[in-house]
Structures are given as C-alpha cells and as structure tokens.
C-alpha cells in the first residue's frame, strides 16, 4: 500500500503559556518507518501524545487515513460556523478520544513502559486484543458460547503476537517480573495486538543494550513487513539512522527539517540545533 | 410522617413557611453562627490537611482527637479541678502524644500497605479510641461540658448575639492558622514538611527523613485536634461519639480547601458553615434545617467537580 | 518461610474465630441449679446514639437480677437476663433478637431502648411467638393491638407527654408556639405528634425547625424562631441537644419560655445546660421528685425503693426515668414468671407469660400505674406524668 | 496419604465449606447461625461489588450503603405502599438504583483516589439524609414489608430465606468471577494498572468505570431489597456513612484481589462483631474497641486481606503441615485466653 497514512495541519499544542508544538505540518507515508528526532524539549513526546489522543490539540488538525480527528459536538453545531469561529475559535472543537483512535488503527507504546502489573505477559496482550473483540459484560457474566469462542480466538491471537516478539515461553509470567528489555518487547506486542495500521513507538531503544537494540530493529522491520506503518521517537542516532526511511526533525516545537537519513545528516539547521543543545 | 397509612413524600414538607424574609440583624446572626461553626470545622480540617499533605493518608481518627481534647479538658479542668490554662495545655499535650503513639504503633508498622488499607487502619484506630472513650471505665456515654473560659454572658453585636466562648473558637482558628502558616514557611521543619507535601521523592533526595516528617505531621494534627476540642467543648459540649460527625465536617472543610494550604482549609470550613446556616435562614422548600447538611455537601461536590473538570479539559 | 509463617496467621485467625464461635461457653453453661434457670432476654442501646438511655436500663436490670437471685430467685428458679447491645442500630437489633430467640431460647424479651429498634423487631417476635416488653416511647409499638398480640410497653407514649405539655400550655394561655426537634427517632416521633395535635389545644405552630445529633450549634434554627412571633418554644430531643437549645436560647437573649420533652429527664441535662436549665419546663414520671410525691400515691413505695437501691449502687442523683422504664418492664415479666406453672414447653411458657402479662392490673411501677388488657398493651393510667420546672438546678413539681 | 490430601486441600476446603453451607441452617446442625449467615450473605453481595470496583478497577467508593439503602427503600415502599409484587419491586429498585448510579457515575468517576472516595461519601450522606427526612416513618423507618414468595411458597422463615439469600449471593459471586476472567475483566484490571495505557489499547476508560460502578450499585440494590424483605423493617440508620465504611472494611479485610475475598471479608467481620464479641460481650462497650483493634491488626499484618493471606498460607501449609498443630494450638489457646480475660458475661 502507499499514499499518506498520517497528516497534521498546523498542529499546535500549548500548555498555558508554553507552546510545545507550534503549527507543525507533517505527512507520513504509509508502509514506511518514519523517525521523529530532535534535541530534548523539542516537543517529540508532546507530538506523539497529541497524535495518539492523550492531549487535546490547542488548534490544528490530524488526518489519519484521510479521515480527520476533529469532531464538532452537537452543542457547537447549534451555533452558526462563522459566529462560532468568531467567539470560541477552536475552544469548542473536540477531537476523537485516544481509545477510539486505537480502534481506528493508531497504536502506541510509552516511554515508561506501562505494562499492567496485575496480569501475566499473555493477559497483557489479550488485553491488547480489546478493540478487535466483541463481547461484553452480559455474555461474559453468563459464559455464553459466544464469550467462549471469542476468548479462544483472543488467546490464540495473543499467543501469536507473543511468539512474534519471542516471549512465548514467558506467557505465564507476571509482566513486571520480566527484565526491562523484554518488558519493552511485550509493550510493543501489546500495541500490535490492537492490530494497528500505524504504530507509534516512544523511545523503544531507551535503556536497551546493543544486542537488544539489534533485536529491536529487526523486530521493527518485521512489523513493517506486516504492512504496518511505524513512527518512532528515538534519541539513539545509530538506531534511527539504521532503520528510519524518513526522518522528521523537530526543534522547540517546530519542524525544522525532514528527509532521508543522509539528507538529515547534512542539514545545517539540524546540526545547528543539536550543536546548540550541546553548547548549553 | 405518619407510619402505617399510605404515604406521600412532600419535598415541601410541613416545615414550609413562607417566611423567607430575613431582617438585617437576623442575617448577621446567621452569618455569625456560620462563622463560628465554620471555624470549628476549620480547626478540625487543618488536622486532615497536614496529615494528608505529608502522608497522603486521610486520617479518619482526626475527629477522635477533637473528642479527646474536649473530654480530657473536662476531666482535668472540672473533675480534677486543675486551673483552666493548665488543664487546656495538658489535654492538648496528651492528645498530641496519643497522636504520636497512633502513628508509631498503627501507621508506621504497616509496611507496604496500600492507601486504602492505611485508611482502614485509621478507621480502626478511630473505632478503638471512640470505643475506649465510651466505656464506663473512661467517660461513659453522657455528654460533658467543660466550664467556658470567660463566663457565658452572651455578647451582643449589632443585634446579633454570641457566647464569649465562640470568640475563643474563632480566635483559636485564626491564631492556629497564622502560626501554622508561619511554621510552614519560616521554620526549617515546616519547610521540610512542605517539601514532602509537594514532592516526596525529591524531599527524600535532599535528605529529609519522610518518616520523621510523617510523625511530626501526626503530632501536629493531633495537637490541632486537641486545641479544637478544648476550645469548642465548652460551647458545643462533647460526648464520646461526637468525634465522627465533627470529623466528617472537618474532612469536608479540608477537601474544599483541596488539602492544600491551612488558609484554603479555613476558607473551606467557613464556607460550609455559612452555607449551612444561611439555608436554615431561608427555610423554604428544600432549604430548611432538615437539609442544611445536604447543602453543605452539595457545595463540596460542586467544587470537586469543577476542579476535576479543569483537570479533564487539559486532556482530550 | 518467614512471610508464610506470618501469612499463616491469617489461616489461624480464621480457624480460631470459627472454633471459638463454635464452642458453646458464655452464659449458656453456668453451674446448673436444682431448678432450671428462667432465661429472659434484654436488648438495650448501651452504645451508639441512644446509649445515655440504654446504659441506665442495663444498670437497672443487672441490679434487679442480683436482688432477685439474692432473694432466692423466682419461685426458687434462678433468674438470668441475657443483655445484648443493639448499638442503636435496627438491623443489629434484629440480629440480636433472633439470637435471643433461637440461640439463647429466652422466655421473654425486655427492650429495645428506642422506638425505631422496637419497631424493627415486631415481626420477628410476632412470628417467633415470644412476649416483648418494650422500653421505647412510640405508641406505634403497641397499636393496633390486634397486630401487636405479643408486644407490650412501659414508658408513657409520646402522645401523653405531648398532651400533658400542650394542656399546660393551653392553661397558661399560650396560643403561638415554635417547635424545634431532633432528627433522631425520638425527636421525629415527637415532631409528628406535636404537629398533629397542636390544633386540638388551640395552639398554632408558627415555626418548625429540626437539628441533627452532633450539630455544634442550634443558633440559626433559634434565630429563625426568634424572627417569628412564637410565645413559647417546644423542644423534643434527648438531654444533650436539649441542653444546647436551652443554652443557645439564653445566648440569643430569647425571653420566651422553653418546654422540653421527657427525654431530658436526666441529671445530665442540668449539668450540661448550667444556668440556662433554669425555667425549662417538661413532663416526666414522678421518679424525679420522689420526695414531693404524697405517701398516699400508690407509686410512692416503688419509687422510693427503686431510687434508693439504684443510687446506692450507681451514685446519688444518677436515677432517671429511663432506668425506671426498664424496672417496670422487667418487674412485669417477673410477675408473669411468678405465676408460671412448672413443666411447660418453651412455646407454652412463652404463651403463658404473654397471657399473664395481659392480665396485669394496678401494678404500680416507677412510670405509672399499669392495667393491661387485650385492648391496651400499655395500660398506663392517666396522671402518670407531671409537669416539672427546673428551678435553680433542681426539679420541682408544678402541681 | 495425608500429604496428598493436604496438597489438594483448597478443593477439599471448598467442598467442605459448600456442604457446611447447605447443612448449616438445619436444626440438628450444631450452632444456630442462620440469621447471622443471612446477614453475611447479604453483606457479601454488596462487598463483591466493592471488590470489582475497588480491587479490579481501582475506584474507591465510600457511598455503597446509599445504593444498599436505595434498594431496600424502593423495593420496600413499592411492595408495601403500592402493593407491587415484591419480586417486581426488587427489579424496579435495581433498575432505578442502576440509573441513579449511571447518572452520578459519569461526573463523579472523573475524580481520582481520595477525591472520589470523598465524593461518594458525600453522595452517601446526602442519600441517607433524604431517606431519613422523606422516607416513610422518618428515622424510625417502617415495618410490615411483605416477604418474598414464589407462587404459594412464601419465604416467611429464616430457614427458607437463608437459601434464598445464599442462592443470590453465590449467583453474584459466580457472575462476578466470570466477568473478572473475561475481556471486560481484563479491561478493568488494565484501568487499574494505568488509565493511559488502557486508553492506548482502545479501552473506553470512562465508560468502563461507569459500567462497573453501575454493576456494583445493582448488586448493592439487590442486597438491599433482600435485606428489606428479610427483616421486614428498614430504617435509615442502617444505611449511614458508617455503614458504607463498614462495607469497605469488609471488602479490604477479605482482600480486594479476588471476588471470593468478599465472603471472607463479610464473614469474618460479621462473625467478629455479631457473634464472637457478643458471646464474649464484656463490660458495656468493650467489644467495640476490641473490634477496632482487630481491624488495625489485620490491616497491619495482612494488608492484602485475608484471602490472599490464606492462599499463601495454604502454600505454606502444604510444606509445613506437620508443624501446624502445635502452632495453631499455641495461638488458639492464647486467643481464647485473651477473649476470655474480658470478664463475666453480662
């Protein structure tokens, strides 16, 4: 598949006075591995959270698969558009909440892994299957055949993803009892279990040793083979340069450059940005 | 309501007189009543605030500290006949010691206990204290009333009247708040407490012993409760089970103040007090003395929800 | 291992709890006398909101049991009263009632202390067919008698107390009154009757305020009353709140007189209200002014003996009418036990006791003179109450 | 041989408990605990809801007695004053309470931790005051609530009601168990683990919180209705703030980690307050402080609650069952002594 999977238009996020994202326009090509880099405080994670729906954009639009994430609530619809724009600007604007975006096909991992401590590795992934399974309290309460079938399917799929990240043998272990490296893989598997078209990886490499990093990049490639587009935020330059087919550079909330690894490495603004970081 | 026969629930019940009109001095009277009750709530609420800020525990035994203060001041002041000042100070000190004991025996020994089980521990402690106080070996079940500090000749203010004891209560509330504020901002220990409140991890990093701080917090809270009990007992009277209701009100006051600063708590307490008494003043429809407590709580809920709304708006 | 050991405490705790509750010690197995013990149950609110009523009742019963057994018991049968605390809580009360009936197999039950709790066990005792002599005020407890076959009670009904007060107010020529009542069962019960009966005595209620137990001040309610043209305040509550009303009234310099319920017939009220207690008028049984009761009065002897023995045991000035209610209740049960013939089954003796309770005539108790009948399970003769005014800290009878 | 029995003991215990449960109310069975057990069953139903809410979803509720009370009052009032069939009244009560919980749930459950606890507490008190002022009989409550009956068969004795209540109770437990082990159950635990992460895997956190809140409310309501039709009298003070606190205590004592903890929690607490402390009822009121003390001790030594402690105790037991008798004996004797030392029964 090809074409753009994710697009942002004038995406802006301000916390009180501090503007973390300032009118960012990007477009991510489907089926590619895109990396977002930038010095600390460039707004990478904010950008992530905004796309994933954890933050509400101050203004701007996010388009996923050609579908906008904007929603106009009924009470806003009541007011004529021009008037609304005049009075409230973007304030009445609502955006699809995070969990709906996951159902649409955006999955993410977290910098601080955030696995579910009260569950085993397998259960964590089964939980990931949530948006791809359909049965509720009622059929669960009465153990209807439907519930049984679904459970079967869920656990099989879960096992599949667990094997994919090579943790099949730890299925029964408590998620938090695993070492950090494997926890990170597990988190990725959990995200994969939601069967996303776009996978957001927040610093997958952080805290891994070189060996684990190699495994990681292999895994990421394998995920790409499945036809899942990937955006990752990463500090580790070698890793990024190794796997990213397209790189977007953010600095203090603005997009300052984008291109292939080689292009980025030559770009003065990027170098300036990073040097600037080193000097102070 | 008549039992037995068919039953209708009139929200505008018998107590529905169209006497909404409130004369100026009546208004003042309600205001004063609210103010004085409010400062009682505030005094109790301060204890909650300190402990919560430092330990993130809601100490359900706070009301019992108040009760202890009041009962002790009666035993020492009236039964044992000690001079008033001595009795007052002694009962505050004893209450503070009990607070310390409670922390050391019940709270600190509970390692790796979740917040909720810590709450249960404080509930257990309060049941324990109340139970002991209620036995006929201790104070029994009758309410007691220590002697007022300065007579019981009521004082007139622009057509409204209050007992002199109420002035003591309000005074104590003000004084305690000011001292507490100074303590927290000026002294080293106070600053350390504040640090724990703001960010425990950081506090630990800069070498503050969080356990000692928690102990201090409990002692302070117990002492505050004691003070509250001592000053309010001559006015409101005390019995072994006064603690629970007073505690609840103080709790509300503290949480309206957001468990943050002493001043916020005092404002919260007075707000509740005034609302409740104004409701009595309106005395129409659902705004009657039957529902004074409800309206206090409604205010609380409103404030909580507004706060949460502000939080939620930050997120999606 | 170590933590397992600690965890095993849990197991052991549970095992121990079950084991302990399994083994039958406690009251059931004292040394067996030649004649089998008469077991009577009692439910009093010795803790919780009504504990200041329940405790004197409990004291009274314990005192009486000792006296009776010291005097050789009931027809040679030792008397045992199993007292449970209902914590002023109705489902607790129901549990304890069932316990008395099913486990302790008592012949009759005395109490509960409060109207709410008494009402809560009516169905239980009725289905279990066991006589109950309640110590609570509400008239609901014994009416309609048809449905209350097994239920009796000793205290004056609220209705009579209200009637007494209203009659007095009428005689004194009051016409506009304000009422302030507690939200407790006692207060609310009184409030209903006060509201209902006022008109009959040519009284109009110009203000109606309530307060909770545990309220720290009644000033606002009273301020509102002060704003009306009420000529007198009637307060229906127990001693603590009553005292606060009295004190807040004097604080607000309210000139109009305060009338209270028999719920304040308790020395504690005077201690708590202090100066403000003076001038308070309320209806109560004669127990409070025994010495002023003329010797011709049938109750005189009972009153004197009860007061003396109670105060001998629990200290001077401690006697109050609530203990008196328990005294009357248990005395009636004992009277019934006395003409209980030997060798009846439990159910039979329960029925027999009920019948003889219903036949009690002219029993002079502390609360009044009782004559039970199939149509009246309170059976208190009029004139059992008198209006009392507190004059410099002493109860004085307003003849 | 014995060793193998011991190793299977959890199942044995289960079976034994079940048999005891069935035989308990019969007259020839030692000890008369029917009434006590009925109350335990009712409390358990409410506690299960709390376990789901607090243990699995991590949402504290200090207002559960309000739902309990709504159930009791609505079904009581309808069946007595409007002579609706008690079963129907029960359903109405459950429905109304559910809707009520749903309506308050959406705003309230946005609060976190202690503030949620506080808000629910406030709601509880408000409901309680309204029941007290507007409910029939005011603070005295009202009696004469009809008993439940199927066709001609009326549940008019404790003996019959025992089976009714425990039928309901066990049903609740099994339903909850199924839910916990289902997709929804995982979602709940996910929310407990991290709301952000839960959102990130497509769980509608707000909605799930409300759902479980409603479920627990409905449990409480049903329990309340059973309570009303069992006691045939209800009064507000059964549903006050302290009652809510006691329910939470039951949940925590039992252990929030499992729905079965509910039985242990309700059982131990009730057994303690209604049976043992009563039997060893000492000088007036001394049982109350003892209750408080035990509460504190359990929480200090078994913060996970009895059930978890018992489970790990059972593992311990498998390996050390030989030493057990001596240890138990020692502690048991000490316990008896402590409880006896109170004094004479009044």
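By letter and in written order, the chains are A, B, C and D; residue numbering begins at 1 in each of them.
In the analysis below, contacts are C-beta pairs under 8 Å (C-beta built on N, C-alpha and C of every residue); 3 or more make two chains touch, one makes a residue touch a chain.
Bear in mind that the values here come from a model prediction, so they are computed numbers and not experimental data.
**Q** Keeping to the contact definition above, tell me which chains border both chain B and chain C.
**A** Both-contact set = D.
**Q** Taking touch as defined above, what minimum step count separates chain B and chain D?
**A** 1
**Q** Would you say C-D or A-D is joined by more C-beta pairs in contact?
**A** Pair with the higher count of C-beta contacts: C-D.
**Q** In angstrom, rounded to a whole number, how far apart do the mean CA points of chain A and chain D lie?
**A** 42
**Q** Distance from the CA centroid of chain A to that of chain B, rounded to the nearest Å?
**A** 48
**Q** Roughly how many whole angstrom separate the Cα centroids of chain A and chain C?
**A** 70
**Q** Rounded to a whole Å, what is the gap between the Cα centroids of chain C and chain D?
**A** The computed centroid separation for chain C versus chain D comes out at 33 Å.
**Q** Give me the residue numbers in chain D that touch at least two other chains, ranges are fine.
**A** 133, 137-138, 140, 142, 144, 284-285, 287-288
**Q** Touching two or more other chains, which residues of chain B qualify?
**A** Counting only residues that touch two or more other chains, chain B contributes 1, 3-4, 134, 136, 244, 290, 293.
**Q** Going by the touch rule set out above, which residues of chain A reach two or more other chains?
**A** 53-54, 97-98
**Q** Along chain D, where are the residues that touch chain A in the complex?
**A** Touch list, chain D to chain A: 175, 178-179, 182-187, 189-190, 192-194, 196-205, 211, 215.
**Q** For chain B, which residues are in contact with chain C within the complex?
**A** Within the complex, chain B contacts chain C at residues 1-4, 14-15, 17, 19, 22-23, 26, 29-30, 32-34, 36-37, 40, 134, 136, 140-145, 152, 154, 156, 161-163, 232, 235-237, 239, 241-242, 244-246, 276-277, 280-281, 283, 288-290, 292-293.
**Q** Using the touch definition from the top, list the residues of chain C that touch chain B in their complex.
**A** Its residues touching chain B are 46-49, 51-52, 54-55, 119, 140, 183, 192, 195, 206-217, 219-221, 223-224, 226-228, 239-240, 243-244, 247, 250-253, 268, 271-272, 274-276.
**Q** Which of the residues in chain C end up touching chain D in this complex?
**A** Chain C reaches chain D through residues 1, 3-22, 24-27, 46-47, 49, 51, 55, 58, 62, 82-85, 88-92, 94-96, 98-99, 102-103, 115-116, 119-123, 127, 138, 140, 183-185, 187-189, 192.
**Q** Which chain D residues qualify as touching chain C in the complex?
**A** That would be residues 30-32, 34-36, 39, 132-133, 137-144, 156-158, 227, 231-235, 237-238, 264, 268, 271-272, 274-276, 278-281, 284-285, 287-288, 298, 301-302, 306, 309-310, 312-317, 320, 324, 327-328, 331-332, 335-336, 339, 345-346 of chain D.
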